[in-house]
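Pasting a structure below so you can have a look.
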Amino acid sequence: MFQEFVQQIVNGLVLGSTYALIALGLTMIYGILGIVNWAHSELYMLGAFVGVFLVVHLKLPFLLGLVLAMLVMALFGMAMDLLVFRPLRSAPEMNMIIGTLGISIFLVQAAVIVFSPNPVRFPTEFSDAYLSFMGISITLQRLMVFCVTLVLIALLNYIIKYTTVGKAMRACEQNRDAAKLMGIDINRISLITCAIGAALAAAAGTLVGPIFLVSPQMGLAAISKVFAVVILGGMGNVPGAIWAAFILGLAESLTAGFISSYYKDVVTFCILITVLIIKPAGLFGRSQIEKV
Amino acid sequence: MKQWMNLKTLVIIVAILFAVAFPQMGFKMYYVHIGVLSLLHILLALGLNLVAGYAGQLSLAQAAFFGIGAYVSALLMLNLKWSFWLAAPLGALAAGLVAVGIGLPTLRLKGPYFVISTMGFGEIVRLVFLNWESVTRGPNGLPGIPAPDPISLGFVTLTFESRVENYYLILTVLLVVLVLYYNLVHSRIGRALRAIRNDYIATQVMGIHVAFYRILAFGVGAALSGLTGALYAGYIRFISPDTFTIGESINILIMMVIGGMGTISGPIIGAIFITYLLETMRVFAEYRLVIYGLLMFLVILYMPHGIAGMLKKLSLRVRAGKKEA
Amino acid sequence: MLKCEQLTIRFGGLSAIDRLDFEIDSGEIRGLIGPNGSGKTTLFNLISGIYTPTSGSIVFEGKPIAGRRPDEVTRAGIARTFQNIRLFGDMTVWENLLVGRHSRLKQNVFDDIFSTAKKRREESLAREMLENLLKQFRMEKLRDELAKNLPYGLQRELEIMRAMASEPRLLMLDEPAAGMNPQETDQLMLQIKRLKELGFTVLVVEHDMKLVMNICDKITVLNYGKKIAEGVPREIQAHPEVIGAYLGKQVKDSA
Amino acid sequence: MLKIRDLSVHYGKIKAVRQIDMDIAQGEIVSLIGANGAGKSTTLRALSGLVKAAGGSVEFEGKDITGWNAKSIVEAGISHCPEGRQIFPRMTVMENLELGAYTRKDTKNLSVEYDRIFEYFPVLAQRRSQMGGTLSGGEQQMLAIGRALMSKPKLLLLDEPSLGLAPLLVEKIFEIIQNINREGMTVLLIEQNAWQALNIANRGYVMETGSVAVTGAASELLHNDHVRRAYLGE
Amino acid sequence: MFKQKTKFLSAIALSAVMSVSLLAGCGGGAKEPAKPAVQAPIKLGVIGPYTGPNAKPGQSMKQGVNLAVEEINKAGGVKGRKLEVLFEDDASVPAQSVSATEKLINKDEVSFLIGTFNSATTLADMKIIERDKTPMLVPIAVAIEITESGNKWVFRNSATNPMQAEQLMNYIYKETKLRKFAVLHENTDYGKGLMVAVQNYVKKNGGSMIAESYSIGDTDFYAQLTKIKNNAPEGLIICGNLSEGSQITRQFKELGLKAQLFGFGGLSSFDFNNVAAGSNEGLIATSYFENASPNPLAQNFIKGYKAKYNVDPDMFAAAIYESVYIAKAAIEKMGETKDIAAFRVALRDQLAKTKDLPGVQGPTTFDAKGQADKQVMIIQWEKGQKKILYPKAK
């Protein structure tokens, strides 16, 4: 029993790491640009395909492939900012959701055409090694998901907290007009934000791809969970998203393990809806008083 | 102004005449089937339009309400041997009541929070259809749903087995719904909903109980979807959870957006357009969604009022041009 | 008619309105002035139900209304406008007025959906009333114009008309002259005076002192959420604390 | 130093500022006074590039800066301390100040600036690692001014620094503004608190419904009836 | 103003694009072949998931049919008439399948149908084929209801869920001592149908079983597998398709579970072997079709398939290939018919009489319900190759 519990906790942490990496970009883009990006999980999907290309086809070492995939997708994220977000920036929220939903459908199906709908395997030098300790097992790749996630979160935290760009990003999030008065170029910051968000999603794709399979549908499968995470954490709230990702990852894992795998997704959404009923701005959200 | 009204009336009359005559025009039965699908899609898009188009709250739970209506009415017919004519309204009512129940806590949520809640709810409903096997038979679905019972009018008995019969049944329902929908939208309720979408604080100050009207729109929209579900079950005669997915909700959304939200003609145009396009583009199945996705983005960017809005603008321009000349 | 007692609201640790006692009599035009951030709009939001007071009471025509929902307050007979115009921009002038009339229509949902005789009767009564309103403000020609397409001054007027459509007994105007040019302001002054003749009680927040001093029967001055003076325009203009609040306290030395 | 000609700003259909002219010379304190809604803040927002002018021209140190974006204007040497303080609430005092120096290239000499600001506002030094949002209103105002000074501007635009502050604090803020000016900073000050503003200013402009109604030396304006009228509508 | 104008112009351009696409569709619809009735080819409609989550088997279906039709036409067609095949996509969605069926029957006027892949889509189509009196051969969908519903227009030449499950369980009970099972099944009609059949078998024949489920598209099965691990079953039976199946076998290994693995259908394909990457070692699965099958028809089919597509056929291709030949045999036995409706009725009657017809999957005999009595094979994975365990080599 105890062993099973610990194993489920370990499973939940790995799951939570994936959610966290995708959710971070989504929540940052909302916080800083004010865009609800329904196509965000497609960055995760595309990132995984780029990873497959670099690691499997070009035979690069996995960690190098990971970094390169992040860079490639960072460029893609910037393109998305220019082509999709900027035109939508002043649109009503509902139109933003519909517009980016359209982009998501477009990207998924474009990936189907380009990469075929079949799932692809993503073997790496770490995929077959695993550790076993007191009856609890974890593969090296999974361990790496968790560790790299922690490293990336720490890195992101460093960037946001201590670098000039990070401070500018926070400034834009907290008060856009004042940020402009400081001489901060909002367009440049939004490009950087999109690049970082896309790179994190790509990291998730490249890290998780070897554990599972890579397919055009993988983003669709993740998006509702990721949104649940972002909302639970309070939209735009970076630490909130990290906490929420691990909470939902653990909840899902423990529900499947100890209640019923039939209802693990039901539990996710029940948690979400219950939290929203009690705290409409999410667990860690800041409620705002509307100015009249 | 008057001329415009006349033109509008003329278009409506022609449209109705065409809709009534359509099955008799010698098209192959397949096109009648497409006609039935269009009618069902119009009803679904109208339901969503009430919530999203008028009240300004994007719901991704419409397929769930569609499913609740279908399942409730089908189960009543199958297990309790109820007549379709009783089961269908009950299916609609069930969907409406569930919507009120879910709407009470969630409708005060804003933008993305509401969208995700409805999406989560839609997923929960689908999982319940899938896993509550003792009632829904789970993934196997419910086969053998009876057709609507015949109605005897004395001199003639109406049956609802064939495509054409179903077409007329659903068309009749649609026309009745449209009249009531028109009333609703052009009454103080419709005005209140549009006001809420524009500015809910100002709306409150007009003495309008915002929460009540939001729930009303959500409930009526859901009931309409539920009724459509019952009609769908009576036509296809088989339902399974795969029909009532988020993907279907998104389909309904695409129809409403491309047609034009916040109008009556929008969902009608959009539903017909997309249903027809879906069928004709079967050949390029892989490319269909690429085009849809892009279309959705471009439409929301360049013509947020959809085809209906575009037509209206165009006709206004033409008239303005005439006036100048 | 309206009576606030010990009314207080705190945001964070700050009292935006601090133990305010305040009373308006039926039929008067009351001005509410004070420097920026003195709590005037907050007071409006409290009365109209958008904020719930931390403590204290608001009584309108004998009924307590503190903490009621905004729509309930409106139905009780108070209507307001907003400092930054909040019209329904995508709706026509006529529709804006109809929404304003909403709370006085007596039909129910069933009547609306089935368009019963009762609904049609109610709507035609409303139409009659609103036609009159349009005529009064000489805006008949603009009835099918979208609100967002109106010139600024007319938007302000439409907001007042929309508030009047609910036949309130107390009308609260929040900076009705903001953004208007002098001619528009003069026009507005006449309109507000007419409101009084029509029997409305008016509470007006305004920075344009010319307007306030000209039309108000009585003026209340707020500073830091507290009432610092109350009286007829003459008294207010001469009131040292008011001058201090507005112009700075050195006024005594230099005057 | 600053030369404004025919400046107009429109918000949609509202003509907030109508063709105003204004001049500021090196080393001056110029006060821009007038009732709420007269267009003072809008004028400032146009100067710092937050809103686009509908017409007219702005010249700063001989350069035509009309239509420049906010970033270039800060770099040119105009710093705007906005109305309502607008500090970053979830950043520390130090971080707020750092962002003030965002456009500066000579980041090595920043400590001189910090020292100067902590000298003006010793209380900020005590609060340096506290979140901006947890400061009191007066402290936030000091932070906002300090932050605006971090970019080493040549012209400081101050929008109602006394807003919502207790009278004692107001006096203190005005004292500091005078100090800053004495050390060579040119200041354009918006105030509702006319007497106080004119008291420390060299010259003043009185705005009424979007236009400049009166202008003159501060000492003259202090005794001008028009000022009284602009506020109290006599 | 300028901005508004560009916006308006873009909107017009957008509408133009949309109307053109609509017209293009119309054009496609109007293009009806007007050929003389006598020598006209016999049209068959094939409904399958060529897009969506099952696009891969959908592809195999297409290839299998095309090969059969090509062979038949090269050999002179059926009774002198060529076969013409029309594909319609259902994307695994029932409502789309219904439309596809409607189109094929009522617009394209096909003589008979072959399809579909999923059970739910087949079930949704059944009302239409009954109403329009058109026979349908079901090569893949496995839900028991399809042939149990009393619909006399449906014929299935594959083993149903219970048949497959029972045959696998028979093998397990006869050849091994394993009696304690865990079932991990896909939460669909297919997976659940198998699970229920296994459950019934275990209940009847002694033993114990626990069941866990997952959804299509799930990628992480640690939670379920950890739970299963704690239950320490002797055998883990996977009821699902290959992409999830391969994840399960890999994660099964990662978690260090010890149990004999079993699976059905898709888990006997080489595609599964490719994605499972060795984690399928030792897994025992049922299979309709094996390349190593001694059946000469099968060997012939494999040769032709490889020549045409340069890959090995999978069981889906084989099953649907066989369906075409079953139809061909039935048509050949038919008399002359005056119109399409009569043709369909006559074809149904002949299909119902199909008895001991040899095919690539083995002989086909339809019972009164239209269900063929098919035997599945049982294979075991050994170093990426398959060993046929049943039927035993003679």
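Each chain gets a letter, A, B, C, D and E, in the order it is written, and its residues are counted from 1.
One rule holds in what follows: a contact is a pair of C-beta atoms (placed from the backbone, for glycine too) under 8 Å apart; a residue touches a chain by one contact, two chains touch by 3 or more.
Here the structure is a predicted model, which means the values were calculated and not measured.
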Interchain contact steps from chain A to chain B (minimum; 1 if touching): 1
Set of chains adjacent to chain A and to chain C: B, D
Greatest separation from chain E - chain, by CA centre: D
CA centroid of chain D to CA centroid of chain E, Å: 75
Between chain A and chain E, centroid-to-centroid distance (C-alpha), Å: 36
Intercentroid distance (Cα basis), chain D paired with chain B, Å: 56
Separation of mean Cα positions, chain E and chain C [Å, integer]: 71
Residue numbers of chain A (touch at least two other chains): 112, 262, 265, 292
Chain E: positions in contact with at least two other chains: 51, 187
Residues of chain D touching at least two other chains: none
Touching residues on chain B, where the partner in the complex is chain E: 28-31, 33-34, 37, 130-131, 133, 138-141, 143-144, 161-163, 236-240, 242-243, 247-248, 258, 273, 276-283, 285-286, 289, 291, 295, 298-299, 302-303, 307, 310, 313-314
Touch list for chain C against partner chain D, complex: 14, 35-37, 151-152, 155, 175, 178-182, 185, 207-214, 237, 243, 246-251, 254
Residue ranges of chain D in contact with chain C within the complex: 11-16, 35-37, 137, 160, 163-164, 167, 192-197, 199, 209-210, 222-223, 227-228, 231-234
Parts of chain B lying in touch with chain C, wherever the complex brings them together: 1, 180, 183-184, 187-189, 191-192, 194-195, 197-199, 201-210, 216
In the complex, chain C residues that touch chain B: 48-50, 69-71, 74-75, 79-80, 82, 86-91, 95, 98-105, 107, 109, 112-115, 119, 123, 144, 162, 166
